[in-house]
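Got a structure here, written out as structure tokens. Questions coming.
The letters A, B, C, D, E and F name the chains in turn, as written, and every chain counts its residues from 1.
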Amino acid sequence: MALALIVLLPLSLFWLPLVGRRFGRHGAAATAGAITLAALAALGVAARAGLTGPVQIVRLDWMPRLGLSLSLRLDGLSFLFCALVLGIGALVVLYARYYLAEDDRRDRFFAFLLLFMGAMLGLVTAENLLALVVLWELTSVSSFLLVAFKHRQPEARRGARRALSVTGLGGLALLGGVLLLGQIVGDYTLTTVLASRDVIVAHPRYPYALALVLLGVFTKSAQVPFHFWLPGAMAAPTPASAYLHSATMVKAGIFLLVRLWPALSGTDLWLWSVGGLGLTTMVFGAVVALFQHDVKGLLAYSTISHLGLIATLFGLNTEMAVVAGLFHIINHACFKASLFMAAGVIDHGTGTRDMRRLGGLARSMRSTAILTTVAAAAMAGLPPLNGFLSKEMFFKEAVEVGASAAQPWLVPAVATLGGAFSVAYSIRLVWDVFYRPATGALDHDALHLPPVGMQAPIALLVAVCIAVGVAPGLVVEPLLLDVARSVLRAQTPEVHLNLWHGFNLPLLMSGIAVAGGVLLARSRHGLSEVGRGLPDLPAGADAFNATLGAMFRFARWFSVTLNRHELVGYVVPVVLSVLVVGTLPFYASSWSGLSGPLPVSPAPAALIAFVALLGLGAVATLRFHRRRILALITLSLSGLGSTLVFVELSAPDLALTQLSVEVATTVLMLLALNFLPAESPREVTLPRVVRDASLALLFGLAMAGGMYAVLTRPFTTIADFYVATSKSHGGGTNIVNVILVDYRGFDTMGEVTVLGVAALAVAAMLHDTRIPRPRASGEGRAWSPDRHPFLLRIMSRPLLPLLLLVAMYILLRGHNLPGGGFIAGLVVGVALILQFLAGGLDFAASRLRFSFVAAIAIGLLVALLTGLAAILFRTPFLTSTFGHVHLGPLEFELASAMAFDLGVFITVVAVLLTILTRLGRVGVEPTERSDA
Amino acid sequence: MMHLPVVMVALPLLTAIGCLLWGARAVRPRQSLVTERAVSQASLLVLVVISIRLIVETAAGHVFVYRLANWPTPYSIALVVDRLSATMVALTAVLALFVQVAAAGDEDGRGRFFHPLLHLQVMGLCGAFMTGDLFNLFVFFEILLIASYALLMFGGGAVRTRAALHYVVLNLVGSALFLVAIGMLYGTLGTLNMADMAVRAAQVGPTDRPLMRAAAGLLLLVFGLKAAIVPMNLWLPPTYHAASTPVSALFAIMTKVGVYGIIRVFIPIFGPDQGEVTGIADPWILGLGLATLVVGTLGALAATELKQLVTFLIVNSVGTQLTAVGQFTEQGLAASVYYIIHSTFLTAGLFLVSGAVCHQRGEIGGRLSSGPAMHEGRALGYLFLVAAMSAVGLPPLSGFVSKALILSATPPALQGAVWPVVLATSFLLLVQLSRVGSVLFWNLAGDVPPPGSKPGPHASRGPALGLLSASVLLAVFGGPVDTFCRDTAAAVYDREAMIQRVLGDDAPTPKTRDDMPVPPHGYVRRPQPEVPVP
Amino acid sequence: MTRWVPHPWLSLVVGIAWLLVNDSIDPGHLILAVFFGVTIPRWTQRFWPDAPSIRRPGRILRLFVVFAYDIVVANFVVAKLVLGPNDRLRPAFLEIGLDLDDPFAIAVLASMITLTPGTLSAQVREGDGMLIVHALDTDDPEAEIATIKRRYERPLKEIFEC
Amino acid sequence: MEEIVISVFLLFGAVFVLLGSLGLVKLPDIYARLHGPTKATTLGVGSLLVASATYQSTAGPGLSVHEVLVLVFLFLTAPISAYLIARAALHLRLPGRGVDLPADEE
Amino acid sequence: MEVLLSLGVGAVAACGIYLVLRERTFSVVLGLALLSYATNLFLFSVGRVTVGAPPIANPDAGAVAYADPLPQALVLTAIVIGFAMTAFVVVLALVARQRLGSDEVDAMPPRKEPPG
Amino acid sequence: MLSVVAPIALGVLVLAMLLSLARLFRGPSLPDRILALDTLFVNTIGLLLVLGIVLGTSVYFEAVLLIAMMGFVSTCALAKYLLRGDIME
């Protein structure tokens, strides 16, 4: 429980500081501090049981089938990191309380800080690897928010983004690595994974898993070549840098390295990748640090260097090196956090962190100078400070492991070189800031001296550095052993930490390093020519930027240049895809699948004529498509051909429908054509015409081929059921109509809905569209003044009752013979259209005084209610019934489907009226202005 | 209880009718809006409740087989509601409710018939998600398409008109191809019910294989067009970009219809153990999914405008879904179901946030360059942060969970192809979205919002919050949701059980046309009053 | 009566047409015929507000016989002209001053002219009451006009305008 | 007997329909061409309708007179179509061979 | 018969696709209409083609005596839906011409207009 | 007898259709083409009547009725377009 509280307190209450501002100026800081201390207390309670026994685990299943559970473990290693996170966290909160005293967004800062703290605590206590990844990414996100805290500054935004990008990349890789590990082991539980080293290492996918995990580790811990985000992240407020970028977040990578050390280490691959890259990073960071001008920049590179050192130790595959690495984690956290805070004090006091402007601060900032000097000495590895001890251990391991290499001197030499640079930049830091004569760039009287609250955390950390250095056996050894045991278990070596080990090779190396460091520091101006080039090395940042830049450029080219958002650009891929899916299968079968086993049947002469009409109409439409009215005529021709094909091939209902729709379409297009150009200009580019023609031809061939392939195959179908039951069970002899209103009435319901929506859409689109009528035809001919030609106007009137009668006839007989609500609706619609044509819109519309839209709704309602009525009889929607009705001398058959058909009928009429009258109303009398 | 499936279709239609009739009474178009809003919202709430009921029922193992007009399957159209259908329907209802609330601020008054059209769109979606009949699916596709055309044009304007023109023409071509595909399948299998198709597809001979492959390819193409799969992805960004904000949020579910169609066709009909047609399109689907994922991501990188970016995120999400579906494993499908739920809410929420951002930034709109402060910059910023994290797949949100599910579902043989693409695209999105968030919310040209800009539309913040909170809830309740998704996927893969349920115990064997003079005994329905109990 | 059956003749026609189209005089269809005979003209009245009343229905039959005869003749005439050489045609536009006032009567006249030998109504000029007729082959336009007036216009005037 | 009646009407009708179309193709100008279809075709279709009515009455279950309706309809509409087309031709001032066009506009 | 119909449908479809690929909205509308003729005929024909056997049930005839009614019902639905779509796209073309100032399918909006 | 005459009539009507079609394609004016289309509709009516006799069925009657009606309306619309542009003003 206490274990869970450690994590949950900051993670679930991170928003409290946002509220905490209500409790006074420093309510946010106080809230954050209280939460941190409470978590610290919880840690104390949790650790009371001791860290030597079996690890404590709490478990909460989150996504069990994925293998993700929220289980926490507390062992030596997680205790150490919890203690660092919370201990330094508490100090940082205290420090920030003063550092950000003037910032009115500090409540947010503390919230983000708590969020980060919680994520970090969860990460280091995670028992489930997937949960670890979750929290790992959360540290990246909260760090992003912290780095960008001063988001008005471009470098803050840039730094934050870069940090997030690089660590996010690592996080994704880690996710992959963890998933691989989980799949290899069969479990994401750390306990199981740590016990499965032999399985993991022997698995063929071990290299991939390792590579992915290490990518996460290296990015997070800023190892070369992924180091470059860390200096950029220095744009964060100093308390955040001190916390995240020295003590905690960057150590998350290192933490994972140790965490998985028992499971992944011990192979050459591990040695070379972790050790090799660590060593490189150590030297690189140290060298670059020397030539930084920004105090925080120097500290950032120094951090990189020290993280490299720690990584090297873990890479060496020896138990003692692990102990040394763990020790250095503690030491580095102490001195680097204090140095960052000191940098903040300097920045806070002088307004600059540029070492070229600073100088001579020892006098005015005496206590800071002393504290910084001690911490820097620890960083340089000078006795009697903590840094010295762990560095000695590092040198010792370097010598021992290096001894087995082909060039036994190489590793120790490189280590010493790193040490020398370390000494050099430490000297430079202290010298340039405090002890050299003032540059004159600063007004020493206007210095802003740090409050005690900012000094105290530094002093406390420096005191720890000294205490550990002087009395390691007393102060740190028990903890270190507990921690080491949690990693190394039975293999934990005997460790005795002493300041003095006697004269040995490591001591000699230290001596050389110090001497070299002093030398380097003195001659650094001479080296600065070399140094100036260093940060500009084609290092990670540039490569990263270049890669991303290229990626963005490629993306723009791919998405913008290649796609001009033209209709053909959308349609042609579809056509091409049709050609591929339509021809590839037949091609693969050597075209044998194209023709089925059935023989073709002879075509009746009439059918030949009708198909010819259809085809000729289409070809003529193509031929005349630029002369639009003519194209409409030829389109009707094709439609007529289609109608006749339906007639010939035993589909009377289809023929009727096609025909009526055809006319309605023609009227519609004529209405629209009045406001469109009468002719299309010739398209000039021959290549395009050729391309389109070939595509069209191939498409037509594919369709013909597909159709032929279907028609020449034998076939079994469910359709005979309809034939057999239409009369007996559906109450109608027109099988197609019974299908439409009964068997598949649901389709028809949908179909009339589509019609209704189309009408609504047209009404909505044309609601406020008014277009001046053209004064003359496309050829410039004036319109005839005869608005409503006489004979049509007069004779259409007696035609109307006749046509309505026909419509009623078609409506009522549809269930048994060709016809039905849809066709009847079209007939009525067309009959009314005739009135519009003959008498004009105003004449006809003023005689139809009802809302067409409401009529659509009513039609749909009738159909829908017919369907729903079935539910009242406890049968499914649309279930129909029929029977003979006897009314006196009358006897007739009624089917409930007829009510449905009536709904269809009403809808169709209303839809036609809506669409055509809306379209008819678009035209307005031309004004002078519209002619211009 | 039994009628619940059809209510999901009938109620939206009834609501649309009601709104139309009410609206027709009003003299001025806006006059009836208040009532329409209330009716529309109440109806959507009922739909949400019903759909949750459907989920509860189906989660308990029940499958609704609603034989419309009370004819036996496969002769009737049957609505088949299993876990997956129920999920999709619920997703639709909830999304529509949020969209309705968002639009009820003032967007719905900028044109005519918003609420009827919204309900008709919902009707089309629900029908498409529930129907067990291929041609009926076509009909519902058309309903949802025509409603989407109308909604796309909602609010007017030249940009919208141009986008609509392209979208409509392209989809008309697509609909024509759908009919051809249906024709080829009917002409070979002789049936339209998808369960019956699965039965008959397993029996086709080797000579019919090319024809079936072509038909399957055409269907893939048709669904791919709806879903915006490469190479038919190009239409989506300009179209969704042009739509008004609530409409584009609603469109977040449109692409899922295509993916859903692929799931329903390519697993039971052309899936495993189907004789000659086994796995007819499997490698294609995975390959196209990965390609879509890449193309969507590249588009997101190239985006210069916020809403445009979101549209590419949709393409990206389609690719992701297909990558999961295309593995053709139960786990892959489970992951994709989870992802579908996640991405629907996420992209819809992102659209609403984007709409508010564009609105509040005044003239500069959603352009990804330094702009003025926003009235609600802080709130919108946090909403965007959550959305972006979820989109990238950063924990602890549903985006992370879904990516973990997809990656972990990938069988080892496919990991080499799938993992690098999924991880790399996630990384690129991370880079781009952090850039975008930083530009929009941090790189401010001034402290005060632009003159003349208004803080509204207020109504969209609540729905955006609601939609994005799904990212949190789906992650928090990841365990049960994951279990549900896995059961859902298992049910989709359990072809035999589905066939049993849909076609009943006396699943008819194919009859040749020559030997069926009278209706076989089992088919006679009347005068049996009893309804086939699913 | 006029409220329910505004156009008795039309109602009759509609009713008969219903029976015709259904080929049936079942009681059911008779009822439907009455039903539609009442409802359809009633509803369509609005589109034909100024429908003429028939004053002398007895003349209709006679006119019909004349007309039917002319149609058959017209077809043979046109057949001959079609099959003959084109350059033998003597086409002309005739302008007929109308004595009829009722628009419906004029329309009926124009229609009859179109359906009968060699003539075709091309335009009704409502302004000056002129009917313009295209004659396919005529040597004496005036005689042609006189025939038309005699055979068709006068009976129509009797039927519709007393 | 019926068969002969039907055959005669059938042939007569078909030939007149053909004549109408022949006139359409052969006659020299639009005004002349209008005569072919409006007259010959109407009568031709009328004969075919009679043939059909006779056939359906003898072959089918009962009397078939509904064809009359089509005939009525054709007789009502043919002049209107012709009128409108002529009107359009006059409006377009399409030349007629050997005639002067009357003044178009009122 | 099968060859004839296939070729006819193919020809209509080819003309339709060619027109859909044109640059003017009206041509595209024509193309879509042709395309829908072709697909409707295709769908109709897959029920196999029969002359002189309309599916009007006659209790005396056997099942084989009729053309397959199911595709006919499907095509009827498809025709109606096609009409709705045609109506919409025609009006859309009109509105596009009005708002974009040109009837080109790819006409650009006349002036900058903020989307959304 | 009918079995001989009916196909002949059918052939004659197909010939008539071809002639109308020729006028439709040849034009030269739009009224010519509209007239040709109108004639084609009427030809079709005849053709269907004969087809009904050939196939011994009456189910084409509605098609005949509708072709008569629809052909007429589309002719009116086309002609009115030539006259006024706006066919429904």
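Remarks
By definition in this document, a contact is a pair of C-beta atoms (placed from the backbone, for glycine too) under 8 Å apart; a residue touches a chain by one contact, two chains touch by 3 or more.
What you are looking at is a predicted structure, and each value in this text was computed from that prediction instead of being measured.
Under the contact definition stated at the top, the chains bordering both chain A and chain C are D. Within the contact network of the assembly, the step distance from chain C to chain D comes to 1. Under the contact definition, chain A and chain B share the contacting chains E. Taking the CA centroid of chain D as reference, the farthest chain centroid is that of A. More contacting C-beta pairs link the chains of B-E than the other of the two pairs B-E and E-F.
With centres defined by CA atoms alone, the chain at the far end from chain F is A.
Centre-to-centre spacing of chain A and chain E amounts to 39 Å, using the average Cα coordinate of each chain.
Remark: chain A and chain F have CA centroids separated by 61 Å (rounded to whole angstrom).
The centroid of the Cα atoms in chain D and the matching centroid in chain F are 10 Å apart. If you average the CA atoms of chain C and of chain F, the two centres end up 23 Å from each other. In chain B, the residues that touch at least two other chains are 135, 139, 142, 146, 149, 153, 156, 165-166, 169, 173, 177, 180, 183-184, 186-187, 192, 513, 516-517. Of all residues in chain D, those touching 2 or more other chains are 22, 34, 36, 42, 44, 64, 66, 69, 72-73, 76-77, 79-80, 83-84, 86-87, 91-92, 106, listed in ascending order. Chain F has residues 10, 17, 30, 34, 56, 59, 65, 69, 76, 80, 82-83 in contact with two or more other chains.
Contacts between chains, counted with the stated touch criterion, involve the pairs A-B, A-C, A-D, A-E, A-F, B-E, C-D, D-F, E-F. Here chain E touches chain B in the complex through residues 20, 25, 28, 32, 35-36, 38-40, 42-43, 45-48, 62-64, 70-71, 74, 77-78, 81, 84-85, 88-89, 92-93, 95-96, 99-100, 105-110, 113-116, going by the rule given at the top.
Those residues of chain D that touch chain A in the complex are listed here as 69, 72-73, 76-77, 79-80, 83-84, 87, 91-92, 104-106.
Those residues of chain D lying in contact with chain F across their complex are 3-4, 6-7, 10-11, 13-15, 17-18, 20-22, 24-25, 30, 33-34, 36-37, 41-42, 44-45, 48-49, 51-52, 55-56, 59-60, 64, 66-67, 69-70, 73-74, 77, 80-81, 84-89, 91-92, 94.
Those residues of chain E whose C-beta lies close enough to touch chain A in the complex are 1-30, 33-34, 37-38, 40-42, 44-59, 63, 66-70, 72-77, 79-88, 90-95, 97-98, 103, 105-106.
In the complex of the two chains, the chain B residues touching chain E come out as 135, 138-139, 142, 146, 149, 153, 156-162, 164-166, 168-169, 172-173, 175-177, 179-180, 182-184, 186-187, 192, 241-242, 244-245, 248, 307, 354-355, 358-359, 363, 365-366, 513-514, 516-517.
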